[in-house]
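Consider the two complexes below, in which subunit A is the common component and subunit B and subunit C are the respective partners.
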Partner chain A sequence: MADATETDFDRRLNLKPPVRLTVEGLRVIYRTRRGPFQAVDGISFEVEPGTVLGLVGESGCGKSTVVKALMRLLPDGTRIEGRVLLDGQDLLAMDKRALRRVRWNKVALITQSAMNALDPVIRVGDQIVESIRAHEAVDRATAWRRAETLFRLVGLPAHRLNEFPHQFSGGMRQRAVIAMALSLNAGLLLADEPTTALDPIMQDQIMSRIRGIQELLHRSMILVTHDIGLVAENCDMVAVMYAGQIIEKGPVAEVLVKPRHPYTIGLHNAFPRMPEEGEARPPLISIAGGLPNLLNPPPGCRFAPRCPFATERCRVETPPLRELEPGHSAACHYAERAEDFRRLGLLPETWAVKEAAA
Partner chain B sequence: MRQPASAAPMIEARDLKTHFRVGGGVFTALAGQKPQVARALDGVDLTIRAGEVVGLVGESGCGKSTLGMTLVRMVEPTGGEILHDGQPITGIAGARLKAYRARAQIIFQDPYSSLNPRLTVGRIVGEALQIHGIGTRADRTERMRDALRKVRLPPEEFEDRFPSDLSGGQRQRVAIARGLVLDPSFIVADEPVSMLDVSVQAGVLELLDELSRNLGLAVLYISHDIATVGYICDRVAVMYLGRVVEEGPVRTILRHPKHPYTQRLMAAIPNVDPLVRRPRVVLEGDVPSPLNVPAGCRFVTRCPYAQEICRRAEPDLLREGDGRTARCHLYGALAGTPVAAEAAKDAAAIAA
Partner chain C sequence: MRAYILRRLAQSVLVVLAVTTIMFFMFRVVPSDPTVMLVERGISEEARQALLERWGLTGSLWEQYLRYMGNLLVGDFGSSFFYRQPVWDVLLPRIANTLWIAVPGLLLGALIGSALGMVVGWARRGGAVERGGILVATIIRGTPSFIIGIALLAIFSSWLGWLPGFGMGDAGGATGLARYLRWDFLLHLILPLMAVVIYFLPENLLLMRSGVVENRTEDYIELVRAKGVSDARVAWHAGRNSLLPLITWLFPALAETIAGIVVIEIVFSWPGIGRELVLAVTRQDYPVAQAAFFLLAVMIVLANLAADLTYGKLDPRVVYK
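After this line comes the complex of A and B, so read on.
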């Protein structure tokens, strides 16, 4: 498939340098009717050029807020503090013009509501072409051909570019949006649940294609997902969030195999497993209770109300994120006892006691 | 283990068809083109008993949501029959249709577009009670709060909030609460937990499971998440391009798939252990379109075992000894041939 467009596209792809992302003390405070709501509370992490960071954690813990903050796509009135360094340049300090240059060109986002991101009255192909031409000086025909290439990349027949979003199934719309996000070939791709709406085969193909591009061209990526399998197969590093904070981070092979934080341990064990034939179904482990109310966060460890291992100390003293092994940190006073926690964490009784907290 | 449901069928689809006309606009007519027909649902047979959770899996665009929406009568079938509790509901209208709609609920795949942004969570969940004129105002509030509690959204914290300031997972729980509030007898859950992390997912799945068991609710659970399907469902139906190609007890189908499509589907599931490398099984060929369904077997354009007969005749649903049905010539006309042996060998390799 060596037509002129693709060569042009490939060359453009290669011209873009990889991006290093350093986030320092990021804090996001939404303005709400009930007062300031601190959705993200001082988190720091790094994405090395060409690597993939998985971002996981309970619904509502702030993952989408983090990725939107990295694009400065939060509603007006939201306070963002800290530093977001893209190759050393602070994105949070940029003026509108500089931001426009960086956004989508250097860092692109596949939003969680991607399925809904398409304009219902404009043909899908025209939307992609528009988005390309808004950021790059190319003619319509070139942009259209690139859209065709991208459609094939995400497994959609090119002729469907002529259709309207409602003619697509949920998964097709999702893939169209992925194609749009890839169309500018940013050095850093933020993917918020990009394949949640897709079937396993399509997810597998798209992830391996995104991974292919990412590895070949040394792209960096943040993958927000709740699918531990996706993290295990696609990420180098993983950060686990809880109530606006990172409570554990490290190499995937460490964190998923030997989690140190009780929350990560619970998350790990909550993954449903199909029983063997004839075997009784093991009870699902669900961590009772919910996230603390962040309008008024409790003192001490934020997981304490739901943690089966919490002590008095946990309720008063905030555990700092500390490094336990090279590159692997956790924010728990008792992270040294993780081996016991992992054993106890396999028993549903361990997690059941706190039901009243819900 | 769950008792195999022996109750009467709660919902039944017989040769159900939903065809959409596409491109029927003025321009197509002026250009002298015929409008095309998308055969989104093209002859589906499916039974869900009271107290049973049936999983529905398959490729994006294969017709799962269309089946769900057709079963609850949000989309008009163009052929076949739907029975609810033994009663035909395909032709009903007016008050009977309204009554059916209260009994058959759907929880939508996309919690972004399905919640009215101008209504509070409490209104969204309670609205259906009002529409159906149920109870006093106080009863309705109590039932609304009850539904919110069931999905772990404390009403005191959530009932006055708007969808726009909820996270994706919280919105999904609102959608589930709305589906539960009328105490339905049949629920289509279209990707109800796809945006929830596993710790919350577990709670919602147990809830669906409990409701089906205790209240005799029939659940059609549509999902791409095979792990949750394997965990929660009694039986599973695998769809491909508008038809069910394999159906049966969940563990039988997921552990020992027989249809070549199901086998490839199972091979695509990521392994949760980062230290294990899974062999990649690629599925060649383009995703076929319901506008242009291939003759013979629907999977023929991508099946590595396709034979002459596959291009000629669509295989019937063949009943196997283990309680499953599969729609593939390998187990009928082609049984015992070298290609069937080859397929069996590949299947063993994928499963290993």
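After this line comes the complex of A and C, so read on.
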């Protein structure tokens, strides 16, 4: 935050290191009226300090559930298993006080800015001040000055801190939410679809703002999205989720260029991208069908009902997540045949057959 | 905003005028002659006429009405038939007596009620605190104020004998503020005050609870929790947002609550304006009854106005048009 008005308090916070996040065997089971619902089923991943992990997958696959589990924001009665290590400290094992200290200090949240992401009856500035003073013994004036610095950082005029959320446009509210997430310069930022509610131009503005801040502050970050394009532009690593499981993960350059899992291949085709020189514009192909019912998950590969390459084996035997190249894993029995899959996956017929069968 | 307040004030004046007019005619069309009670039997027709004139009961109904309204404009309510004193002299001390139970009673009821509502709203869904809180509050809310009063009388006055339950105690010749700063008065105050609190509390509790329950699943609450503030602070956010519906209910509800307080005054023989109003009606003491109704109407209208303005203060999204 190289800023003429930077205070000592800002400088001290700016020294915070980014966090290393290690998630081991995370399992989340919601209690529902119709029985336990396994929204997240034993996933593991790591976020290296100062890097950005993209978490992608279609609606309902459990992305937000993972994010909430990482801050223990899930509703009462939800079972969470596994370990969530922040620099080696297990967040899931903490008592309430320790948890409160870690929240916002080490992990902060950028939610999708629907109308009510901010308290509607409290001034935006006071909400930022509240987050600072919950953790730092500074007076209101100091906290307010920090809020002003943060507002400038996200491109909002400082005097608008005095306003209420309803006086902000959607884009401004999103910036305010980002400013608040940065209030203590937490070492890990969780951004859950930060631009979904915005129009495309505003989406671009907000994403480049986030990118700029990331370059400036070097936070560790998880970017949740269902837009593969955003992952390509913003992330170092990517984890693809399907029905509560991670089915492929690795460096963005690997996973997006040479996807190994048929679902990733399909997801890739479902998003518009610029054709390469001399190449025809690739058609948009969507994957027919929907997520399996997780109240009663089917055996075998969860993607099998929608997978064009599924065999009998897939319906019986669960494919483990296997490392295929250093740092790049996929959960498909036939990941070795990925090159064929990628070629076939480009053809609409490949997915259409399945559609007819479904 | 100024224009809005002016317009609302004008509306309020109209409402009060209408109420006053209706009251005036209502008392006159009751088929009984106030002079029967007012005027001693066997006095001469001349003397009777003089008395009627003195009480403003001569001339056509229409003339009487205009005279009454004219006097009202200069703050003259006339004289009480029963006490043979200016109405103001009768009502002022009664109003003070009522305020002693109404103001602290309503404040405590609203404060304790909304605080408890926050606790019940923030408690685990479906747990003992939530179920018990709702059950007790709903039962009390459905109880008429005279039952609450009589129950308190029966328990603390008749059975346990701890507290007096009739009147305001011995004045011991004291007047003015000194009248109220007596130990005996404070003892007499406890039960009727408790009745008002208990009567007013449940609605506050239930409204605050449902507001908090509604708000606790809002997105902003999740973000507040994520910030790592204390649980109490999170509940405060939910409560702060629930104040809005509470306030919109609160002030208009005062109208109904005033009716409840009238009954409580009667149960405890508390010499307030409500009890006086009822007595005046049975005594056909129209000047007092009309003045009491007039004052209540003013209070209710002001309460509504206050509700509107407070709402704007509490909810920044409200725009006055």
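We take it that the second predicted complex is superposed on the first by the 309 of 358 C-alpha atoms of A that agree within 3 Å, B and C clash if a C-alpha of one lies under 4 Å from a C-alpha of the other, contacts with A are read in each partner's own complex, and residues count from 1 in each chain.
Note that in this section a residue touches a chain if its C-beta (ideal position, glycine included) is under 8 Å from a C-beta of that chain, and two chains touch if they have at least 3 such contacts.
None of the values given here were measured: they were computed from a predicted structure.
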item: Partner chain(s) touched by A:G88 [first = subunit B, second = subunit C, both, neither]; value: neither
item: Comparison of subunit B and subunit C by subunit A residues contacted; value: B
item: First, second, both or neither for A:N116, with subunit B first and subunit C second; value: both
item: Touching partner for A:S286 - first (subunit B), second (subunit C), both, neither; value: first
item: Touched partner set for A:P326, first subunit B, second subunit C, both or neither; value: neither
item: Which of subunit B and subunit C A:R103 touches, first, second, both or neither; value: second
item: Partner chain in contact with A:S59 - subunit B first, subunit C second, else both or neither; value: first
item: Which of subunit B and subunit C A:D76 touches, first, second, both or neither; value: second
item: Contacts on subunit A seen with subunit B and repeated with subunit C across the two complexes; value: 116, 167
item: Contacting residues of subunit B [partner subunit A, same complex]; value: 1-2, 22, 57-62, 65, 109-110, 112-113, 152, 154, 157, 165-170, 172, 191, 194-203, 205-206, 224-228, 230-232, 250-252, 254-255, 264-265, 268-275, 278, 280, 282-283, 286-287, 289
item: Residues of subunit A defined as touching subunit C within the complex; value: 68, 71, 73, 76, 99-105, 108-109, 111, 114, 116-122, 130-131, 134-135, 164, 166-167, 177, 180
item: Complex contacts: residues of subunit A adjacent to subunit B; value: 30, 32, 56-60, 64, 112-113, 115-116, 155-157, 167-172, 174-175, 193, 196-205, 207-208, 226-234, 252-253, 256-257, 266-267, 270-281, 284-287, 290, 293, 358
item: Subunit C residues within the subunit A interface of the complex; value: 124-125, 218-220, 222-230, 233, 237, 240-241, 244, 314-317
